[in-house]
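There are two complexes below, and they share subunit A, which is joined by subunit B in the first and by subunit C in the second.
Right after this comes the complex of A and B.
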């Protein structure tokens, strides 16, 4: 039994224009303590996946198929009350819009205390004590716990949100682009901090980001999402050394080389697929240079190859320099 | 905060001054001659002129205004033409009645509007929401005097459950011997219908406002965070969503006070409630300048004060406000 596993998950949003099929069959497996980097273009369903795990999707979202197994138990079959007890205590999340994740009318420290007291039978003072520890942990002055969110800078808010996510020592942390709103220096600081904390606390983490450089520095495993599906996943080193899926290859080519000042940046041509009416066959086929007839008719399954997983009919034949 | 308060009080003083000037001029340019109302037409012209002089009506408008302001600052509001008594006394008799009707209607309607508004927003899309929203829109658009009269017709005239108007049963009060409880009940009995009408109307607006404010708030990211923290639905709804949705309510409450003031005037008139609003109407019809002016000014002062209170509450509720 794995620590955390997603099997055949499908989810759509009902909209006036039709169903937006944001997750179209996702399989994922994680061991305890692992850090998984989840990459993919904007709109490919990363946030939707994170929200599905915590069952925090908006009302127009419908999970139609699949299982989300946490310690072997299907979260999708839990009652609302059981789910409430799992949230934050066992699985917590740093939201993509971390900047606005704090309630403007309450003191930052109190908002963290509130989360702790919702799950643990300790006194308010003990909870406050823990807030101080958490603040020092993420590099915030504990003296500022009594301030309101608007008195914080963007970077401080981001740290506070991370401190809040760690408040109940969760087993699984989903961090959805926790540093998007920050400048590079702060980004680096916070990422390093989170990585350090993860190792210290033995947390399992799903790290959602566009930034492959960050994944390569902090994660063990990397999964690439495209059009609501995972198209490739393997150990970070393997995946970066030899990407198998043409989309992954394109993604890696589009990273600006760190040391090489002569940039040969190529971005992937074409539009991401419409999730309202996804293309038949492989959803990447309209943009793929290697696409053949079968790619337009049959959907490639996610299969084992070279120690990783890839969903491409011709993964063996596609070269990588 | 103190500087802010001082600033606001100064602002209120200026507003009051402009208002007084406006009301004063308004009554002077109104068609009809006050002198003809106050003075007996059969009086000899010399006596008329003398009376006019005594009442200060022979002076040019600007000096009348200066005299008026001077007296006002000394707390002298003049004499009511109609009652022949100091205006101040008349106002002081009416003011508590208006405050009773008005504050209870405001508190009940906004309290109810808040409580129901947050619930219907929370249960968006259910039949409960649709029914209450429809009802709210219905009452919101109803014409008040018409509604008031219908209520009187049904509950007072046909069913005889409530008095036709007024605030007390005079016999009960003059006879003596009635206990304090009986007197209070008598007032409440008279209060019920006008209070109901006034409450229902401003309640609808408050509920609809709270609903939309709450729907707005529910889309905020901190609500998602609150749910993710594993807080109970009730805590998310009340402590996180409603608490923030309340802020625009307070602002709107301040703004709508002047609106409901006019509702108050109509309600008082329809129900013959002996308040300032009813007095404004009759004093204006009687060309009783001093009384009408003073009643206007007091009503305006109440609205401005209520606004100030709303502002202070807002500052207390929203930590982002630092004056």
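Right after this comes the complex of A and C.
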């Protein structure tokens, strides 16, 4: 039995213009203590996947198929009451929208104290003590715990939300772009702490980010999403040494270098796919330089190749670099 | 001539840190002076909480400075009132750091992007709609028609960020403060948007204050880079100098903490 597994998950948002098919069949397996880096195009369904796991999707979202197994139990079959006990304590999430996770009218420190007291049988003073430790852990001055969210800078709020997500030592942490508002020094400090928690407590982590360098430094496995699906996944090293899917290749080519000047950055040609009416066949085919007839008619399955997984009919033939 | 000159800019926020404590102060921006030239992309990087956003807001007079002056096109904007202030505001735009907070939740995508055109009476009817769609397509929100009636909560993080960019650029302003404008975008879409901003600089003489934590992005976008630490600018120079030959210990620490892309074979 895997520690955590997603099987055949499908989910859409109902809108006045039709269904936005944000997750179109996702399979995923994780061992305890593993860190998975999840990258992919903006709008391809990464946050939707995280929210599905915690069952925190908005009302217009519908999961139509699949299972999400945590310790072998299907989270999609749990009652709301059971989910409330699981959230924060067993599975927690650093939300992409730090401000939405914080209540503007309460002091930041108090909010974290409340979150801890709701799940653990400890005294208020002990909880306060833990909040001070958490603040130091994410590089915030504990003396500022009594301030309101709007008095924090963007990155300070983000650090507070990370502190909150770590407060109850979760077994699985879903971190959705947790460090976008942080300078690289704070970012490094926090990532090292999360690594420590992984080693000490066996915390498992899904790290959603556009920063592929961070994935390469922290994660064991990397998965790339495109148009509501995982199109490639492998050990991080293998994937970066030899990306197989044309979308992954384009993504890696778009990374700006720090120490060289480049003429003009390249980006992948063409438009992101509409999830209201995804292209037939391979969803990347309208933008793919290697596409042939079969790519427009038949959807490539995620299959094993070179020790990883890739969803492309012609992965063997596509060169790199 | 410089488009913007700041002299000894300071911003102090009164705060109450403890429940029963007395008045305390946070000095967010501490004696900051710099110039931004016309058509320049001026980068602001540095520590989280060091005053970058505050600095950007001061330049657009979204905040009043505690002391110091800010000249825009030779005029001290800290003294502007009434009609003059309005006409200054028409020439400048801000892309806010967090698109989850800055977009009005009751506005559709169309409303958000059309609003500056309406306020400034730039275009109406079909022309307005055409410009909104064009602005959305330029930031790769496609098909634009299918997004016009969505609300912010129905968009992904990077999609919201692009709506905010489209909104700021639709009026073709002279000066933009872009506060972490591309932090939620994948590298491919990001590259397209950075190129778009550079094109606007070339075609429309756009001047920018570009705030970012991504030093590679700063290197690509900016002409000069200023490094902030605890409310002060600790280093300012051409992007090559700051990145290849950093002088201040904080800048060095920053550069040595940049995550590196491992095992990307060049052979």
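We adopt the following convention: the second predicted complex is superposed on the first by the 290 of 321 C-alpha atoms of A that agree within 3 Å, B and C clash if a C-alpha of one lies under 4 Å from a C-alpha of the other, contacts with A are read in each partner's own complex, and residues count from 1 in each chain.
Note that a contact is a pair of C-beta atoms (placed from the backbone, for glycine too) under 8 Å apart; a residue touches a chain by one contact, two chains touch by 3 or more.
Bear in mind that the values here come from a model prediction, so they are computed numbers and not experimental data.
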item: Partner chain(s) touched by A:153 [first = subunit B, second = subunit C, both, neither]; value: second
item: Subunit B versus subunit C as contact partner of A:86, first or second or both or neither; value: first
item: Contacts of A:43 with subunit B and subunit C, given as first, second, both or neither; value: second
item: Touched partner set for A:279, first subunit B, second subunit C, both or neither; value: neither
item: Touched partner set for A:97, first subunit B, second subunit C, both or neither; value: both
item: First, second, both or neither for A:33, with subunit B first and subunit C second; value: neither
item: Partner chain(s) touched by A:250 [first = subunit B, second = subunit C, both, neither]; value: second
item: Residue contacts on subunit A - larger count, subunit B or subunit C; value: C
item: Partner chain(s) touched by A:142 [first = subunit B, second = subunit C, both, neither]; value: neither
item: First, second, both or neither for A:184, with subunit B first and subunit C second; value: second
item: Common interface residues of subunit A - those touching subunit B in one complex and subunit C in the other; value: 97, 100
item: Residue numbers on subunit A that touch subunit C, as the complex places them; value: 13, 15-17, 39-43, 47, 58, 60, 96-100, 143-144, 146-147, 151-156, 158-159, 177, 180-188, 210-214, 216-217, 236-237, 240-242, 250-252, 254-259, 261-262, 264-268, 271-272, 274, 276, 321
item: Complex interface listing, subunit A residues touching subunit B; value: 54, 56, 59, 84-89, 92-93, 95, 97, 100-105, 114-115, 118-119, 148, 150, 161, 164
item: Contact set on subunit B toward subunit A in their complex; value: 125, 220-222, 224-232, 235, 240, 243-244, 247, 317-320
item: Sites on subunit C touched by subunit A in the complex; value: 13, 15-19, 21, 26, 45-50, 53, 97-98, 100-101, 140, 142-143, 146, 149-150, 153-159, 162, 180, 183-192, 194-195, 213, 215-217, 219-220, 243-244, 253-254, 257-266
